[in-house]
């Protein structure tokens, strides 16, 4: 890897964007996408950091991130089931529907 | 010859992002769905060139994987966007004609 | 001989890139969804064929060439079905929304 | 260098497009595109394993899951939330900028501080030949840190059980969009299904020496399952039959049995006796994870042969 700084900066940008959207977005799907993007930023930091020490990528970090990708999709699938169930029960796709009606 | 492969990779990436302008812009949902096609063809070429440039053979397997997934993503788009604006106005139980 | 082969491979790659460029120009410049679809699928698949051929020549191995051939055939097939589905959807949307054909509500 | 900058910048722009402004449908499309560019980024960084997993799971399965949830929410006609007030946005902006600075500082500090030898990686590379495996990632997953991997298979199973619990009895069959009606779908499925299975098994087999392995293979199978569900070849069933149940638990079960079996013959817990055990565990994991992801997509407890 030639330019780890670039990827670190990109990861920082992705994490910040994800966090910003997670806070301001009301639609739960948008919030889930934000969480997924923050996760990708963390994966980038992990893999790039592990690649620093001897130039080539590190198998341990890659295995960890591979596990992380699969766990993330399982978590997202569960969260989506919760969102659909919430919408069916309450008719809302937001965690604080009061804010939507109040303004 | 050393500049050729990275040059072409970069060129195809620029091409890809230029095409994304259309996906971003729309106007119809068909234009959005074209992103699957655009990626199905362009990223495969990029992966093949990367495999050549970096000498990692497995990247060609990644290319095969991406090709097979492109069709799946396109079918998802079509299935979902087709029914997406019907729900509120017409009968939600409308079956495909 | 080897130099000639390399030059030919490079030429194939460049031709492939040119077709990709043509596809993207069509995607951006053409006036309606169907012609954009047409430009994208046809030009890009020829471009991919050319790039696969050039890359196979560079690698100079039979199994790599066969794998690249498989990739191209799959790409052709996937693009055909996807383009067909998207075009049908586009037409049906246009029918459904009448005069506002092709306008996305979003 | 230029390609690094281009890919990294592309990721940030796509994330911005996916998260902020525009319609949610466009955001989801941009998120799928983000996953595809991330695939290219992993490939460029030299990790085909991550590229495969990201293409199949990050872009393919996750994208399909979010799309189908979006479609279901549209059908329910739930109230779409409105945009937030500017005051909250300003606070969020400050927090986000701080977080960006923190992550950036950690990353850049790591870049300037870390040099020299990676002890864990060196030890792993020295002991890897003893396991008979050539791919260090499979080595870590199945041999060196297999307790993590076992727990991961269990987590995926738990996600299925939790999703079933969340959806409850009455909504046992979530709606699916109608299959596109076109004569071209049959040739597509007939070609793609066997080819996908061959490639999945190849990846599983190759995973011991080259990039590939159970996760990539299961992701590919899950994508195939999504295709079969969407084209109406496989439909949701009201209950899981014994075959589905067996498929769901086989990964956890085989892993546990092999691990505990080692205790019986006097070896340490979860020691891997040989390369055949690696293949056995990986094949079982592939079936379980792939099947679980398809069931989570279909939103049903089981699958039946054909959609009614």
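Labels for the chains are A, B, C and D, by order of writing; each one numbers its residues from 1.
Here is the rule we use: contacts are C-beta pairs under 8 Å (C-beta built on N, C-alpha and C of every residue); 3 or more make two chains touch, one makes a residue touch a chain.
Keep in mind that what you see is a predicted model, and the values were worked out from it rather than measured.
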| item | value |
| --- | --- |
| Pair exhibiting more inter-chain C-beta contacts, A-D or B-D | A-D |
| Between subunit B and subunit C, centroid-to-centroid distance (C-alpha), Å | 11 |
| Separation of subunit B from subunit D, taking each centre as the mean of its C-alpha atoms, in whole Å | 19 |
| Averaged-CA centre spacing for the pair subunit C and subunit A, given as whole angstrom | 32 |
| Two or more partner chains touched - positions in subunit A | none |
| Residues of subunit D engaged with two or more neighbouring chains | 25-26, 46, 49, 70, 77, 180, 185, 188, 195 |
| Shared interface positions of subunit C, touching two or more other chains | 74, 77-78, 81, 85, 88-89, 106 |
| Touch relationships between chains, expressed as pairs | A-D, B-C, B-D, C-D |
| Touching residues on subunit A, where the partner in the complex is subunit D | 1-21, 23-27, 29-30, 32-34, 36-37, 40-41, 43-45, 47-54, 56-60, 62-67, 69-78, 80-85, 87-88, 91-94, 97, 99-100, 103 |
| List of subunit D residues in touch with subunit B within their complex | 2-3, 6-7, 10, 17, 25-26, 29-30, 32-33, 36, 39-40, 43-44, 46, 48-49, 51-52, 55-56, 59-60, 63-64, 67-68, 70-71, 74-75, 77, 177-181, 185, 188, 192, 195-196, 199, 203, 210-212, 216, 220, 223-224, 226-227, 230-231 |
| Subunit D-facing residues of subunit C, complex | 74, 77-78, 80-81, 84-85, 88-89, 106 |
| Residue ranges of subunit D in contact with subunit A within the complex | 1, 4-5, 8-9, 11-12, 15-16, 18-20, 24, 27-28, 31, 34, 38, 41-42, 45-47, 49-50, 53-54, 57-58, 61-62, 65-66, 69-70, 72-73, 76-85, 88-89, 91-93, 95-97, 99-104, 106-108, 110-111, 114-118, 120-121, 124-125, 135-137, 139-141, 144-145, 148-149, 152, 155-156, 158-159, 162-163, 166-168, 171, 174, 213, 215, 218-219, 289, 292-293, 296-297, 299 |
| Of subunit B, residues touching subunit D in the complex | 6, 9-10, 13-14, 17, 20, 23-24, 26, 29, 32-33, 35-36, 39, 43, 46-47, 50, 54, 56-59, 61-62, 64-66, 68-69, 71-73, 75-85, 87-88, 92, 95-97 |
